[in-house]
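Dropping the structures in below, format is structure tokens.
Look at the two complexes coming up: chain A is in both, with chain B in one and chain C in the other.
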Partner chain A sequence: MFLEYCGGGKELMVDNHERILHLENLTIAFGGLLAVNDFSLTIYRGDLVGLIGPNGAGKTTVFNLVSGQYIPTRGKVWFDGREITGLSPDRITALGIARTFQNIRLFGDLSALENVLVSFHVRTSYSFLSPMFCFPRSRKEERRIREEAYSLLEAVGLGNFAREKASSLPYGQQRRLEIARALATHPRLLLLDEPAAGMNPQETRELMEFIQRIRRDFELTIFLIEHDMKVVMGICERVAVMDFGIKIAEGTPSEIRNNPRVIEAYLGAEAQ
Partner chain B sequence: MTWTTFFQQLMNGVSVGSLYALLAIGYTLVYGILGLINFAHSDVFMLGTYFAFFMIGIFLLPWWISVLIGVGLCALVGVTIERVAYRPLRNAPRISALITAVGVSFFIENLGLVTVGARPKGFPRPELMKNVYFIAGARIQGVTFWVPLISIAVLLVLFYLVYRTKLGMAMRAVSKDMETTRLMGVNVDRVILYAFALGSALAGIGGVLWACKYPQINPLMGIFPGWKAFTAAVVGGIGNVVGAMIGGFIIGLAEIMIVAFFPNLTGYRDAFVFALLIIFLLVKPSGIMGETLKEKV
Partner chain C sequence: MFTRETRELLFTFVLFVLLMVGVWLAQRYLNAYLVRIFNTACIYVIAAVAYNLVNGITGQFSLGPNGFMAIGGYTVALLMLPVVQKQEVYFLQPLIWPFNSFSFPPALFIFALLLGGLLAAGGAILIGFPTLRLRGDYLAIATFGFGEIIIVLANNLIPLTNGALGIKGIPEYTNLWWTVNWAFWTVFLVKNLVNSSFGRALKAIREDEVAAEAMGINLFRHKLLAFALSAFFAGVAGGLFVTLISTISPTLFTFSMTFNLLIIIVLGGLGSITGSTITAVLFAFLQELLREVEAPHVIGSWTFPGIPGMRMVVFSAILVILMIFYRRGLFGRQELSWQHVSRILWWGKRAHGGQS
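The block that comes next holds the complex of A and B.
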């Protein structure tokens, strides 16, 4: 189906697109339950792909498999031409995959700025303890990091809240802070888990623009889970649909909208 | 009670309290990050004194150098305990880790009894600690004067580490949410190792200073200070570094003052501290600085 998206089945077009994430027959079992079952998907550099499905379909589990929190029972994860199945989450983050969470998981006691700074660990060359000894190099590095963290906060519209405790920020800003924190790891692939959850229509519209903007500014590939169909249909170029751990459809938003299996999954068989 | 005796007792309380604070921080750092009470911590405290003792006695190194090496070795022991005993149980139920901690503690104590013997040894003190000072008419021993000063200096360095450096930030992040910190690209295992190294080094410093105050060392000397420091950590709010320090001073002062004001209760000195623990657990289990745990959904 993605062949169609990439230009009517011309294989040459596919080759021009560089694969960034490739999931190959991913399967994970929790006890007897197959939370994700034989799930395959390919995402190309620069794509904005949505993952939808009814509650409990296994969407977040797919994210957990990509980010390394779960290790698949079967199947492989490829990122940027190398296999990352079974790598630890911090290694995978260092390779360029960052994520946000369905229920916000900020470090509540830390300030907004510190939340972003934690993510800079990945890329700072100097050791943990060197700031103690005031090496000029680490001083300079420290300053550079702080400036970069500030500019990230500004990029997500939180420039004035750098010193605020993360837990004291309003909900919508916490979501933005989570994205800023993910961006600080310099990802090439960003996984957004229900970014619009709990937002009102106005906030949701702003969020859609925001996602488009960071995708452009940070040259990101974005893979997002969303329940709000306006968001999915509005910004995703391609959508995959899951139900009971299985991918039941994949295509452009308009294809998905008219796919009978998708309608069945969402509304139940009787609706037809 | 005269003013001078009160002042003497106050200094004494501050001095004991600062030692509890040093030791309590090790408990609280590890608890904050792993949710584990590291019972072996009090034995690292004991090991610090023996390391220094042998450096002085066998290698004939100067006192300060010996102490520094001892503290370094303590950090190494702490890291080893984490690596060997606790890390394999990272995903095991809490109770397994807790029992392991008790086991490690017994192991170190008995290893000490077997190798160096139960007979107490005299710990050499530098001249500085033996001096006697007269402050505001009160006669203050060098130990009582220097121990809190050194402890407080060490605590200030620690606060700088925890609240101003990348490592400290990573430790606070890990204690808030280990999984998420890992997803932000932080090598969590390394942060945990550093926390153990830091806590154990503090225990080593505490041990040496304790031995300066009570210059008889034996392999079981860590047990009571350890329990009291643990009490201090709970009173202050376990998991909270500032709370551990406050708790340490409260326990130290309370313990000394009860003896100062009610000399015939001297025998109940330890019981009093643990009564305080029970009261806190009943009335304010989250401690002075601790937050009440919010239900996680």
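The block that comes next holds the complex of A and C.
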């Protein structure tokens, strides 16, 4: 295949300068189940790309492969012109990919502010000994990141909840906090796994506006999972569709809407 | 005019001065029995706070502190025992080189303690390296095994440890100055660490490992560091303990030591440093009280035989009751901070109002 051919040489670096994420024949098997099968996709800088498909299609698994939670059985992941297949999640985050989780995974017992502060930790420049002995350097930095974290919370509309325990926040705000926490790692690519899950149409519309706003303000590329097809149609420039681990279609929303295979997959899922 | 940090540091300094005055008074006027309990209390504080850093803050279930205390204890004993004394103690098999040929002068006691701590930390890295990479309860099993192995080694490495007979006549360097200072600085350092960005990362690991890693935290590095640091202080506590009671043998640091510490940290609240500090002191006194129950007493013409083993029964009962009614311990994950203290002291006056 063309992509496999590209995988080796310098060529890729050259024609890659616009690509930010490039998935090459990703495959992962759990026992006998091919959760993701030969999945290829390219995302360009600044894009907002949707990944849709019925439940169990393998969407979350694609995210887990990109963010390093799973290591693919076969295939490669490229980010910003460099191969990141097999790197650990923390290394991948440090390189500039952040994510949220389908089932919210906040640090429940920590405050909203602390949740965001955790993401600043990797970029703190002092060793653990510095705060132990009260060196001024760590204090100064702590003050700086607190201010930064606080303004990030305000930017996502959670300024008033900074001291609130994460687990005590209402559902919609937990979702926002998860996005704020991901933004605090200073990503270039943000992976959002069903951010609108459990929200009513009104909340969903607000969230989609919010996502477009952070894309602009933080100069992000966004890769977004949604299982309700209608939600992404409005905001994504391109959409990929998965079913049974396979990419069955890719294109603009209007192309996708009229694709017979997509209609079949969704009707099939609804008929179950 | 002062920032909150500066003010808190000032409070802490005042507390330190008060403690030192207290020690000075206690050395002069307190009876030896009470001084000894306070010494033990401080050693429990060091070991418990260190233990809580791993089990409460980082959320990793270790059962190892007795092993680390033993390493610290034997190290300090071997370094501080005078050479003449060594020849007397090791009569079954002579002590191996180089320990048979030197011992630290009293002025180097602090270095013996630090070395004991460092060796214990080395032991922690040794077992942490293979086990902390894995998810699940491997750490509990490995640390439990480690503690048992240390005891077996203590029994059988006779040329080094003098086997089951143990080492007697270790100079009693430990006094209230040492124990109170170490306890104070342990709490101070660990609390600073817990309140830092590093400490937040440890708590994040406790709350959700997957999310913590996805936010860029290297799980292995952070767990290992917390574990090694914890073992360091446990080693120091072990070293202080043997120079307090002047003897060490394999039975001193068995699993029941870990069990005691587990009660202390659960009682104080897993994740609360100040909670562990307070319950460690309470525990030391409670233990003495129950020692009375275990010993025979003569009241008038009636002889009360005492109930040996009563302590373990009572402690186990406390643990069970706690687990049922008070699962989060006295403090939960709250810390007693200077803000709380000043709120209690200046009740209603709002002396330290919001402006910092």
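What we mean here is this: the second predicted complex is superposed on the first by the 249 of 272 C-alpha atoms of A that agree within 3 Å, B and C clash if a C-alpha of one lies under 4 Å from a C-alpha of the other, contacts with A are read in each partner's own complex, and residues count from 1 in each chain.
The definition used in the following text is that a residue touches a chain if its C-beta (ideal position, glycine included) is under 8 Å from a C-beta of that chain, and two chains touch if they have at least 3 such contacts.
All values derive from a computational prediction rather than experimental measurement.
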After aligning the two structures on chain A, examine chain B and chain C and state clash or fit. clash
Just checking: does A:Leu110 make contact with chain B only, chain C only, both, or neither of them? Give me first, second, both or neither. both
Which of chain B and chain C A:Gln69 touches, first, second, both or neither: both
So, does A:His121 touch the first partner chain B, the second partner chain C, both, or neither? both
Pick one for A:Thr185: touches chain B only (first), chain C only (second), both, or neither. both
On the A-aligned overlay, A:Ala197 touches which partner chain: chain B = first, chain C = second, or both, or neither? neither
Identify the partner contact of A:Arg139: answer first if only chain B is touched, second if only chain C is, both if each is, neither if none is. second
Going by the contact rule set out at the top, does A:Asp90 touch chain B (first), chain C (second), both, or neither? both
Chain A residues where the chain B and chain C footprints coincide 67, 69, 88-90, 93-94, 98-99, 101, 105, 107-110, 114, 117-122, 124, 128, 131-132, 181-182, 184-185
In the complex of these two chains, what residues of chain C are touching chain A? 5, 9, 189, 192-193, 195-201, 203-204, 207-208, 210-219, 225, 229, 333
State the interface residues of chain A toward chain C in the complex, per the touch definition above. 67, 69, 88-90, 93-94, 98-99, 101, 105-110, 114, 117-122, 124, 128, 131-134, 138-139, 141-142, 145, 181-182, 184-185
Quick check on the complex: what are the chain B residues that touch chain A? 160-161, 164-167, 169-170, 172-173, 176-177, 179-188, 190, 194, 297
Within their complex, state which residues of chain A touch chain B. 67, 69, 88-90, 93-94, 98-99, 101, 103, 105, 107-110, 114, 117-122, 124, 128-129, 131-132, 181-182, 184-185
